[in-house]
Each structure stands twice: as structure tokens, then as C-alpha cells.
Amino acid sequence: MVELIDLVLLGMLAITALRVIFLKDLFAVVMLFGLYSFLSALIFVNLDAVDVAFTEAAVGAGISTVLMLGTLALTGRKEKANNHTALLPLLVVIITGAALIYGTLDMPPFGHPDNPAHQHVAPRYIEESPKEIGLPNMVTSVLASYRAFDTLGETAVVFAAAIGVLSLLGMPKPGGVAIDSGLKSHLVLRVVAKLVIPMTILFALYVQFHGDYGPGGGFQAGVIAAAAVILYALVFGLPLATHVVRPNFLKVLAALGVLIYAGTGVTSFFLGGNFLDYNVLASDPVVGQHIGIIVIEFGIGITVFAAMLGIFYGFAAQAERTNIQ
Amino acid sequence: MNIWSALEPSLLINLTIIVPLIGAVLVVLTGKYPNLRETVSIATAITLFTLVLGITDNTFNQITMATTWVSLLSGLEIAFSVEPLGVLFALVASFLWIITTIYAIGYMRGHNEQNQTRFYVCFALAISTVMAICFSANLLTLFIFYELLTLSTYPLVTHAGTDDAKRGGRVYLGILLGTSIAFLLFAILGTWVSAGTLDFTPGGIFTDVQSDGLIALLLVLFCYGIGKAALMPFHRWLPAAMVAPTPVSALLHAVAVVKAGVFTILKVVIYIFGIENLSQIMTTDLMLYIAAATVLLSSCVAMTKDNLKARLAYSTVSQLSYIVVGALLASSIAAAGAALHIVTHAVGKITLFFCAGAIMVASHKKNISEMVGLGRKMPLTMVAFAIGTLSIIGLPPMAGTWSKWYLVAGALEADKLIIVVVLTISTLLNIVYLLPIPIKAFLTPPDENQQPWSRAETIKTPLPSLIAIGITSTACVALFFYPQPIIDLINLIPDVSTEFRGQS
Amino acid sequence: MYSKSLMDRKTIIYLTTWTLILAIFWLLLSGYFKPLLLGFGLVSVALVVLLIWRMDKTDKEPQQLSFSLRFFRYIVWLIGQVVLSSLEVTKLVWGSSKKLSPATAKLPVTDIPEHSRVLYANSITMTPGTLSVDIDDDYVTVHALDEKSIKSLQQGEMASKIAKATGEKN
Amino acid sequence: MFEQHFPVLPIVLPLIAAPLCMLLGRSQLAWLLATIVSGISFCIAVSLLMVTLDQGVLSYALGGWEPPWGIEMRLDVANALILSVVTGISTLVLVYAKDSIATEIPQSQHTLFYTAHLLCLTGLSGILTTGDAFNLFVFLEISSLATYTLVSLASDRRALTAAFRYLVMGTIGATFILIGVGMMYMKTGTLNMLDLAARIGEFEYNRTLNTGLAFILVGVSIKLALFPLHMWLPPAYTHAPSAVSAFLASTATKVAVYVMIRFIFTIYGAEYVFYSMGMDVILLVLAIVAIFNCSFVATVQSNVKTMLAYSSVAQIGYMILGISLVTTAGLMAGLLHIFNHALMKGALFMAVGAVFMRTGSADIKAFRGLGKTMPWTMAAFTIAGLSIIGVPLTAGFVSKWYLVTAALEQQHWMIAFLVLIGSLLAIVYIGRILEAAYFKDPVQSASDKTIKEAPLMMLVPMWILAVANIYFGIDTSLSVTAADAAANWLFEPSAQAVFQSASQSASELGAAR
Amino acid sequence: MSFIVDYYNYWIVVFLMMAGFYIVISANNLVKKIVGLNIFQTSVFMMYISIGKVQGGSAPIVADGITSYSNPLPHVLILTAIVVGVATTAVGLALVVRIKRAYGTVEENEFEDKDALI
Amino acid sequence: MLALAATSVAILSVMALALARALKADTVYDRILGVNMVGTKTALFIAIMGFLNGRPDFLDIAIVYALINFIGMIAVLRFFEYTASEPDEDTQEKSK
Amino acid sequence: MILEVISTILLILGAFFSLTGAIGLFRFPDFFTRVHAASVTDSIATILIITGLILRTDFDLVAVKLLFILIFLLLTSPTASHALAKSARHGGLLTLAEIRESKKGDND
């Protein structure tokens, strides 16, 4: 069953990808990309990667698509026909693809439990992490403890992206002229949005704090919460949104998240452990791990929330500016 | 003779290199006061000369002198040691620096040149590097200072700052740096990798381990890598560099730079390949004939040049190849001749350049065809010119006689009759392109159409310049009659002797 | 409808309603009754309520929540309607497409409380066969697959039920 | 008390400082903080270098999880050396940046500049220090993202397109690396570099691993701008703010070269890469072509920054050449050139930045007559330029010496010769600038403002690098010893033996827990 | 046949990757390039997740009665990679917006013409 | 179990059909409609898959899908609102 | 057991309605009519399927979550459809009736 679903979904993806190549309408391209992302997230669920699916759905289909639409709004919808030859790219792609196919020939068979990948490092995570870390969700254990440094890096990447967008696009001025923006004429939308947003944010917080037990965690939570505020901004307009969540507040929040995360690591210095060693945070190592993970997940959450929302603000501010002009 | 005997002998080497540098600094500091500046220059030059004299003295007394600065690369150091060939070159260079400085004072002022301070500074830097070249103990040190010499003389070549000067400078730098990096450095690296050492060792450093082909290749690379020796076809820089002010041409292109080139070739031949082994190298003959061809061809080119300095430049190219020929003949006597030729050609050619410069300053004439009847207006200068000419040609009673003599003897020793023929033809060519100048100056009556020489113009030959010309021309004659100290020094060089040993 | 003083009684009731709903929502989502997670829940609910308060302060469009038995009764009725009309549409789908006679009409909404109009519009949309295309102060524009549906809407059963279900409280 | 945490501090300090910088808000304070942090990192890096020279290897288990289960920071001489270079240059660039960016970047963006710079430093340090293949990818992306930002901060609109091109190429490169790492993981089940090495050692020849390596090498080659994949680099370096060009040119590509060395020598092992796969010939050819092609292109550029950028690509060719010789000597020459080239390019770009600041242009015409008006700047430029050419007594000579020696030891006479010929081209392009500076009269500009010497804060770092060029050209003991030790370390098969025991003890520990 | 069953997943994923890669390098429009980049990356993520799948395994969250779990490590890696991807996308799109403002176009050949870059 | 499998296959087919609609649409709005339908069906599909795999606790993901799908739709609408001034919006699209 | 049978019936019915909607997406002539088809799947199919699923749970938190999904979908789907339709209408898309009318007008 799993294989069948996998095959069907992959087939859908392949068709979508092919269609994207030939479409000239960029809006359609972005829509199809959103679809692609959604379907790939479905594949992730099918292949047991629920946390990944969670993230891909929120990021790929959510944030990325929204940002792309924002860009399209500013840059125009139609790709111009270009007459330069596509032969060279095709050649490059064929060679690369051939190399990859060549590489697959010695690959371990798909899904086989004896594959090297399932034999060496992973078994320890599966067998020991519930004891060592005390969390049911192994992905969270690995993410936030065994490979916490990767995750710190990931937070830094998000922060870097926020810095990048901030420097490129700037931030909207809070409480600017409340020009008529947003979907003002959509009464239904406004009402439904007002109902949905609080629920969404609470759901995000739920995801934030239950990442230890089920799929989710700081990153997903941050994105969902940001998505909720983005929804507000879309419906009620950017000025109101910046009034609710101020850009400067976001800046502080983004920085704070990274600091919380790195600070946890530094704290373990002072308690005699290595960087990010949570065992020393409490007398019982398992409790220490739990504390550490909760704190850093919180750090990730607020950085991601702030960064994603900040990035959206940046794009929206540009759109708003051109709108005024 | 050695006023520095109180000092540690090895320290003298450092001093010879450092004193000009200090001089350079002082020149910069005193740059605003021309008189003071030039006093400093001369004082430095004289100090340096006395230092070299001290080293010479020590050399004759068989005192070994060596010093190491830093270890530059693994197993390679910037190190100096004194050996007779270097002393010889150092003596020539430091002595002629004094003279050139004196001359330059006259010339630069007479010509109202710009940037005189820069000029003197670079001058001092160049001499410093030349001293380092003289005493370098290994190829790496030599190479380093060889390159520095190129760089420090580049501003001198382009001193005028005109488009011509820049073009000349570009050729100068391009060929010298190009050949040295592409060939010389390559040869040095090849030597290092194959022989495992770069130290100058009497008798050479190559053993049977290295393949013949490799050594043959290295010889070619060395000969062409040392671009300052102006072996064809890499001689173009020398005429190009003649755009420089005359004192520069005189010192650097009759003495320091070009002589550093042939000196390096001699040194490489004697201390890296070993004169004894040279005859077994496949490419020796090839390079010998190329050098011989350079001798003849550049003489021919010289004849076609009307510009005095250009003609002198090609003459230099030709004369340098004499030395290369001497070095490659693989005979001890020829090598001695080559070493001696460094000295005799230096004094001879510098005299000629001085004269050319004096003529320039005094009459603003550059072309030979315009110099008709000049002898009467500038008798002293032209007499000196005649002396220089004779010395270059190699006619007694001038210094050049001896070196040519030994070179011919060396060719005979090595049983290379063709070289004897080449040398003879070249002497004839020398006569053809050099002798007409003094002859025209003295014997041909001035053309009526030409502007008559006015007394007032010729008088302007600056006194310092005249003094310098006097000294060098005297030296030309003096070295004919009293070459013994030089020859003694040359005989100290390992494997080199002025004794005719016949075919061995 | 929204007084200037932010913390008047109405607001407090309103925020309390929200707090209750959110708290229930949290508990049902979480399913863990450990002190730690309950604590997080508390913080989370507080945060969200704060945000609601800020949003309302900004956009001045607070959403009253009213849940009553009537409301649920309406929902059940609605589901029944949905099933019925679905069958209609299914017939249309599987049948010949020529039977389609789409129509548009404007229905007055003046007799429905303002805040319930959205519910009305959504109910229309939810029932297959009818689709609210636009809504403004007085009218809701409806697009229907066939004119019968519009007629049944015009009879106003749905409208009156909504008015009943939500109207009382306001 | 922090000694045992030194391996991780050069990453963590800038990472903590970056958000602080943004919170500070005042550009002066941000500058101060960034400079101090970068300086401290430099000191730590140097002390790490000393320790590794002394003791060999430092391993630091993050989170207290032993490798391969946790992420490991692993310092040996090779990365400690480059780490010192990167942090050192970063500190100098920050000193330099204060005045430099004042004219090039709007005031409001200054704190962002410092934040991005610190993030970039974090990323680079992380790439260098980490002992985990995937962690490397993460840090690669931190540095890349920060770099895109830094490049695009310039006021020139072409900086935007340059940054975009860089972004696309860089992301493709990173994704390729990701593919490669995935394939490695697939066959070995681990991500720790030494663990990977031990496991890959069991394979003689494997198509998946080959493809993985090929993808990693292509990806890294994009990041390090190896010849046919270098097209993003010249525009990026040309249009970036001067301080950024100086920093990137002397660090970013070097770090990528290091990554390549790591993957080839530590993970796959020279034998696998060169004898089983024959990568050496490919790299060799590409390196030679890079040297010549890009040097030639450099000689015809009119924009000095572009010229230097192409020169960088050519110089990277030298580094790759050293790697492709497959000997300790060659690798050592490559590493040494990484070190030396950082010094040269840093000084050159700083000097050009100073000129840009004063004349408003980096065109070669703007250099006319600067020998008189900006003597100190041009003197520093000259020294570094001579170093690029490889004039004796400069750092450039030393690396060229070792490179050619290494080639000759392998009897690659032709290659050695080509290397030297290639450096002749450097004479041409550096010569053009020097000629303009010293022998041409300044162009009469419409505005009759006189060109002043660069401010002290810019001259000092520039000159530190210029003097370093000479110092490391004369006293080569430090650089050569370190490079030699590093090369030996990378080549030594016994390095893996050390790990074997370490991993065994680690697994015992893991079992005990 | 087992050959195909073993590898079909990888092959299709390779095809998807290449489709994305093709869009990146052939597209002239910058937004489309970014879309291509995303498709490329997403496909690579799928490759990783495929590596992590264990037949008969379940999602790596401990639950009663489940003995076989899929490999959690690739999931962790890809979580990080997704974040990196969206970060890159955001910066890339921001650059596109700025390029549009500076050049008035987001077609690569058009602004190249405007610059006459090297 | 069979019923679940059958339902999931049915939903998969529905998704495929909706996808086809999205890929080959008469107007932009049809495309959006298709995309939206894929989105909502995905949420349902995940819910069913949770049951199929015996892990119904993945329903959180389904919630996220529904949510994100909604936000995506709103973003699209906002985009239309924004670019409403652009005249050539879907003329080309219609003529296809 | 009975629950399972009911659940199965509900699921199958839901699947059937879903398919109906999807086919309607192709069979219906214009955008607005297609929206109707889509909303079949959105409402009745969702209700049926989720109810079917709920019957298969132990009526614990899972059921509650399913209920949430249902509520959420029922809240957002019509909203989205409505907003889309509105947008389409404002964007100038004509309904079938209007097209027919205008054609009639043209013929006249």
C-alpha cells in the first residue's frame, strides 16, 4: 500500500514538475509549486517522516508560496518568451541525471531494513533515545539534543535570512497611514479570519509545546504562528498587522531566539558540560535533557516566528509602497 | 688597505648590503637639500668601496667570510659568503658607483631632471642588491636579489616618465621578470629538486645521479633565465632600457644590471655546473653558438643604429655575449678571460656612456650623424671616448686587450677555432661601428650646413661629469699596464686560471 | 457596537468566552494533564487572548462567539440540507449537462443580524447547488446550479433559522 | 576555565554576537562588539593552532554526545591554520570596514552589515571546525546566506544581480553537496567524517559512493569557483562593498578549498579519489586551464576589482593544482597558498577599496596618479601585487616555490613550467595598475576635489596585511611548518587509526550509558 | 523486476530533481529560477526521506505496540534542510524584488543587456 | 481496513483529477479551484492514512494542511486584489 | 462491529461523493458551476468521511481532533469558495447564464 501510494504521488509530482517547465504564466507556476510542495509533503507522511511533512506543508506550501506570490505581485505575472537555446541546460541536466542514475545502481534497495543507513547510527537513536532523552518523539530527540548543533545552525540560517530580507527590503513603519488595504470588501473572510486566527495561534503553541510527544516543535510552531499573523495581514492589511505585531518587536524577538538557544549552550559551559550538553542542566540527566529541549525549542520557535513574519513584512512593505505610488 | 680590519670579517658582508640601504634612507631624509643629499650619496659610495676593499683584502688573506640571514624555505637560507669572483664584481660595481655618483651629480643638475631624490634612492637600493648578488652563497639568495635588482632599477629606467620611458620600462620589466620567473626560477627549482642543494660549490653540485638530459635542459634554462645577460633573443630589454637617464644607463646597463647577468652565468657555470663538467653537457655547444651568434648579430645591428646610446646598447649586448662565450667554453683560461672582461668592459663601456651623456647635456645631440666635428668643441670628452672605444675593441694600450686575449686563448685551449674566428670578426665589427665616432668627431670637418657649435654650449659640460670621465678613461689605460691585482684575484677563483694549460 | 473603554464589561465577557473556548481547545488538543503542559497551556491561552485583545483594539471588529442549543440545532438542520442538495448536484453531475440552468439572484439580508450574515453566506455556499458570490450591506448575491435552489432560498427558511439561532443573544 | 571549549568558541562567539549586534542598534557599538568578538576568535584560533601543532588533534563532542552519534568539532592543524586566517582577516576587515562602509552603505544598514558579517564568520568557522558532513552543509548555508546579504548591501544595482547569480549558483552547489552527503549516508549510515572515512575505506569501488563524491566535488567546486563554474564570482566580488570583497576574496573560497581537501583526503582518502576514480587528472587539467584562462581574462579587465576577482579564480587554480598532485608536498603547497593568498588578496582588495572610497571608482583610470596622492595605499597595493606575481621575499614567492617543487618532484616538468608561465600573466595585470598609479597623470575630474590619502583606520589593516606578506615571505617557519604538518596529517593513514581507537572507546562509552 | 521495485523510487526522484534543476538553469525569469530551485531542493529532500524509510516501519515516535520504526536521522537532516531552503528562497525573492525595482525587469537577458556586464 | 484502503484510493483519484484540473485549466480561477481541492483532499487523505498506518495521532498534520491550504487561498485572492489593475490578467489564459 | 459497518458505509459514500465532485469538475461547463461541484466534495464528502473515521476511533482525543478537522474544513472551505467566486466575479468572469445572455444579445 505504501509503495502504491508512493508511486501514484510521485507520478503526480512528475507531471506537475513537467508542467511547470512549460508554463509561461508565473502565477500558475507558483500555484503548481504550492501543489508540488503539498504533494511532496504527502509523500513524506507516507514515508513516515511526519515531522518533515509538517514542516514542508507549513513552509513549502505556506510561507514559500505566499512569498512567491508577493514577489509576483511586484514583478509581474508573465514570463517573457525567450529565444535562447535550451540545448546546453538540457545537456547539463541529462549528464547530471545520468550520473545520478549511475549512482543509484549500487544503492541499497528502497526501504530494506538491512540497509547500512539503518544499521549504524540510527539504531542507537531508536533504542536509546527514549531512555537517554526521555521523549517519545525520536526526531525531536535527535534534532534538539544529539544534533542540537545542526539545529542551532538552522536557527542561525533563519536569522541570517531575516537579516538579508531586512537589509534588502526594509521593514514597514509601524502604524503608518492606514490606507485602504487588505481584503476589505470580503466581509466573510474578515469574520472567518478573526475566528481562525486565534485558533491557529493556539494550535501553533500547542505544536510548540508538544513537539516532544508528537510531530512538531519549535520550527513548525513558529511557522504556523507566523502564518496566522500573515493571514491577519492579508485580510486586514499590513498597517493593522504591524500595529498588532510591531516590526521592531520582531527584530528583538528574532535576536532573542538565537540568544536563548546559544545561551542554553553557554549555560552548560558554566555547569561543567560541553556546549549544548543538557545533562548538566539538572541533577537528573533526563530531566536536564527535557529542560534543555524545551528551552531551545522555545528559542527556535520565537526566532522562526519572528523571522518568517519579518520576511513577510518586508515583502508586504514593498507591495504597500508600490501600491501607494 | 683594510680600514675595517677591526671588524669581524663576516660582518663586512652585511655592511656592504646595509650601508647603501642606510644611504638610501639618508638620501630620503635629506631630500630637500640637494647638496647635503649628494654629499650623503658620495659618502655612502666611498664607504661602500672601502668596505669592499676590506673584503678584498680579507680574500687575499684567505679569510673565509660567510653569514646567514634567515632560513627562508625548508633547508634554504638567505646566506652570503665571499668568493673571489663576487669580490671582483663587487669591486667593479662599488668603485664605479662612486664615479657614477659624481657623474650623476653633474648630469642630473645639468639636465634639470625631476625626482632626483627618487633617483638617488633607487640608485642606492640597486647597489645594495648588487652587493647582495655578489656575495650570495646560494642560488636562491642570488635569485632573490636578482629580482630585487630588476625591481629597484625599474623606476630608474622609467625615470623620465614619458611614454617612451614607460614603453621601455614595460619591455625591461617584462623580459627581465618574465625570463627570470619562467626560466631562471624554473631552473633553480629543477636544480633544487634534482640536486637537493642550491649552494654554490666549487666544482659544481651535480653528480652522476642526475640524468644528462636534465642537466642539459637546466643549462639552457639558466642561460635564458638570466635575462640580464641579454642573450638573443631575450636582449630586447637592453636597448629599450636606454630611455633611462645616462648615468643610469652607464651604471646599470654598462655595469650593475648587465654585469649581474653575466656574473650570474659565470657563477652558475663555475659553482653549479663546474667548468670541468661543462664540456660533457650536451647543450653547452648549442648555447655557446647562440652566444657567438649573439656577438655577431648584435654587432651588425649596432652598425645600423644612428642613436649613440642605442649603438652602445647593442655593443653591450655583443660584449656581454663575449663573457657568456667565455663562460661556456669550458676552459679555465676562457673563464678567467670572461671574468676579466667583466672589469674591462665595465670601465670601457662606462666611459663611453659618460661621454654620450656629456654630449647630451652639453649639446643635446643624440645621434652620431650630428656629432661631426664635435672633437674640437669637446676635446676632453671625445678623447675619453676614443680611449673607451679602443678598450672595447681590445687594442693596446687599453684594458680590453687583456680580456680579449684570454678569451681567444681560452677558445684555443678548448679547441674551438670557430670561436676564435667569431671573436676576430667581432673585433673587426667593433672597429667598424665604434671607431667612426671619434674619427668623425675629430677628423671630419664640420658640415657647413649644420649649426656651428657655439663655445657657450659646449662649456656647459658639468665639472663633476668631466672628472668622472677622466677617472674612468684613466682606468682603461691603467688596467692595461697594471692588471695584476685583478688577475691575482681571478686566479683565486676555483678552477679558473690565467695559465694556459693546453688541451687537456 | 464597540465602546471606547477597552475593558468594559462587554469586553471582559467577550475575552472570557474566548479564554474558555481556547482552554477547552487546548485541553482537547493536548490530552496531557501533566502540570508542565497545563502550565504551558495557561501561558499559551493567555498569550492568545492578549493577541486577540490587541487585534480587536486594532481592527475594531471583534467576533462575538455565541454557542447555544439552537445553534447546534441549526447545524444539524444544515447538514440535512447539505445531504439533500448534494444528491441534487450528484444527479446533475452524472446526468446530462444540458439540464444545467445556472442562475444568479440577489437575496436581501436585511432581516438577518449583521454578525450572522457571514454564517448565512457560508451556509449558502456549503449547501451544494448554491453559492454566495458576493455579500454587501443589503444583499447577498447567490449563484445556483438551477433556479429551484434559488427559489427555495428565497422562501427564507435558512435565513429565519439563522436569525433564530443567533439572533436572540444580541 | 574555557580552554576545553576553545574548539567551539570561534563559532559560538560570533553567533551570539550577531543578534546582540542587531539589538544594539547603534552602528558604533555594533562595530566595536563585532571587532572585539572577531579579535577574540582570532586569539582563540591561534592558540588552537599552537595546541594542534603540539598535540595533533582536538575533538569536542557537542552536547556531550560522542561521535558518531553526536556532532563533533574536530580541529587539526589544517583547519586550525585556515581558521586563524579566516578570523584574522575578519578582524582586520572589520577594523577596515568602519570607515570603508561609511561611504558605501547607507547609515541605517551598518548594524545589519556587522550582523551579517558576524554570521558569515560563524558559518566559515563552523565549516572549518566541524567534523560532521551534514553540519558542514548547515554552516555552509549560514555563511552563504550572510554572504548574499553582504554582497547585495552595495549601492550599485549590479550588486543585486551579482548577489542573485551567486545565490542561484551557491544554492545549486549546496544542493549538490547535499545529494552527495545523502549518497554517502546511504552507503555508510553515518555522517561523522572520520566514521565515514573508516566505512568508506571498506569499499574498493562503489558506484553510489563515486557519484556521491562527484556531486560533492562539483558542489564544492561551485563554491570555490573552480574554473568552468566560476562565473558567479567576478561580478559578486566586483560589485560587493569593498570590505566585503576583501573579506570574501581572502576567506570564502579558501574555506571551500578546505572543504574539498577534507572530502578528498579525510573522508574518501586520496587513494580512493585519485587511484580508483582518477579525479587527479580532471582536477589538474581544470586547474591549469583556470590559471591560464582567468589570468588572461584578468589582463584585459578595466575594472580593478573584476581583475582581482579573476585573479582570485586563477589563484584558486594553483591551490587545486597543489591538491591534484597527490603528494604531501603538493597538498602542503596548496594549503600554504591558501594562507598566503588570503594575505595578498586581502591587502589588494583593501587597497582598491580605499581607492574606491576616495575616487568613487575602481576603474583602472581612477588609479592614475595615485602613486602621488595616495602613496601609502598604493605602496601597500604594490607590495601585495608583487606578492601575487611571486616576487621573492614575498609570501607569494614561497607558495609558488613549494608548488613548483612539488610538481617537479613528481617529474611534472611541463606543469611546473606552466605554473611559472601563468604567474607571468600576473605581471601583466598588476603591472597595468602600477603603471597607471605611478606613471600616469590623474584624470582631470569635473569636480576639483583633491584626492586624499585613505583614513588611518583603513591604512592600518591594509598595511598589517602588506607587512604580513613580506613577513611570511621571509620568515616562513610558522606558515610552512603549519602547512607541512597539516599536509602530513591529512595524508597520514594513521590519522584514521587514531580515530578507530577513539570511536571504539566512544562506542564502549555509549554502551555504558 | 525486483530491481525496479528496489529502485523505482530513486529513479523518479532523480527525474524530479532534474526537472527542477533544468528549470533553474534554463529559466530566464528570476522568479521561475527560484521556483525551480525549490523544486530541485524538495526533490532532494525526497531522496533523503526515501533513504530513511524502513519497510514495515512506522513514524519514529514511540507508541505502544510498534516495534519497527523508520530511521529518524534523515528526517532531522531534512527538517534542517527545509529551513535552509526557505531561508534561501526568501533572500532570493527579496533580491528579485530589488532587481525589479532597479532594472524594471526580472528577465535575466534583459537586465544583462542593461548592464552590459562583462 | 478494506474500506479505508478503498476510500484512500478514491481520494487519491479525486486528487489526481483535481490535479489534472489544476494543470490544465481554462481560467486561472479554475486552476485555483483545482489547487484548493487538492489541498482539502490532502488533509482528508492524511487523516485516512493515519488510520491506515495505525497512527491516528498524525491528525495534527491534517489540521496544518487544512490551515495552510486556507491561508494559501487567501494569499492568492489577495494577490488578485493587488494585481487587479493589470489588464492582461487572464485573457491569454482564456484563449488557450 | 456495527459501528464498523456504519463507518464503512459512510466512508464509501464519502468516497463516492468525492468522486462525483471531481468528475463534476470536468463535466460542468463553466467556472461557477464547477465551484458547485467542488463544494460537494468539500461539504458532504468531508462530513461523511470524517464521521466514518470518528466511528472507528475509541471516541477519545483522536475523535476530538477529527472533529476539529471537520469543523475547520467546514469553516474554511465555503469561505474559500465564496471568496474565490467573489474574486472571479470581480475579476470579470461571467457566469454561464450571462454568457448565454450576451450571446443572445449578439445574435439579436
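First chain written, first letter: the chains are A, B, C, D, E, F and G, and each begins at residue 1.
The criterion applied here is as follows: a residue touches a chain if its C-beta (ideal position, glycine included) is under 8 Å from a C-beta of that chain, and two chains touch if they have at least 3 such contacts.
Which protein is which chain? UniProt says B, D = Monovalent cation/H+ antiporter subunit D family protein; C = Cation transporter; E = Na+/H+ antiporter subunit C; F = pH regulation protein F; G = Monovalent cation/H(+) antiporter subunit G.
As the structure is a prediction and not an experimental result, all values here were calculated from the model.
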Intersection of contact partners for chain A and chain E: D, F
Identity of the chain that, by mean CA position, is farthest from chain C: B
Chain nearest the overall Cα centroid: D
Chain pair with the most C-beta contacts: A-E
Whole-Å gap between the CA centroids of chain A and chain B: 75
Chain centre separation (chain B, chain D; CA means) in Å: 45
Whole-Å gap separating chain A and chain G, where each centre is the average of the chain's CA atoms: 29
Centre-to-centre distance between chain D and chain C (centres being mean Cα positions), rounded to whole Å: 60
Junction residues of chain D, two or more chains touched: 134, 138, 141, 145, 148-149, 152, 179, 185-186, 191
Shared interface positions of chain A, touching two or more other chains: 48, 50, 70, 72, 76, 100, 104, 107, 115, 117-118, 121-122, 125, 147, 150, 153-154, 157, 160-161, 164, 168, 183, 186, 188-189, 192, 195-196, 199, 203, 213-215
Residues of chain F whose C-beta touches two or more other chains: 32, 53, 57-58, 60, 63, 67, 69-70, 74, 77, 81, 89
Chain pairs in mutual contact under the definition given at the outset: A-C, A-D, A-E, A-F, A-G, B-D, C-G, D-E, E-F, F-G
Of all residues in chain A, those that touch chain D in their complex: 99-100, 102-108, 115-122, 124-125, 128, 132, 145-150, 152-154, 156-157, 159-161, 163-164, 166-168, 251-252, 254-256, 258-259, 262-263, 265-266, 269, 273-279
Interfacial residue positions of chain D with respect to chain A in the complex: 2, 5, 8, 12, 15-16, 18-20, 22-23, 60-65, 68-71, 109, 112-113, 115-116, 119, 122-123, 126, 132, 134-135, 138-139, 141-142, 145-146, 148-149, 152-153, 179, 183, 185-191, 195, 199, 206-212, 214-215, 510, 513
Partner chain C, residues of chain A touching it in the complex: 187-188, 190-192, 194-195, 197-199, 201-203, 205-206, 208-210, 213, 232, 236, 240, 243-244
List of chain A residues in touch with chain G within their complex: 183, 186, 188-189, 192, 195-196, 199
Chain F - residues contacting chain A, complex: 5, 8, 12, 15-16, 19, 22-23, 25, 28, 31-32, 35, 38-39, 42, 45-46, 49, 52-53, 57-58, 60-61, 63-65, 67-72, 74-79, 81-83, 86, 88-89, 92-93
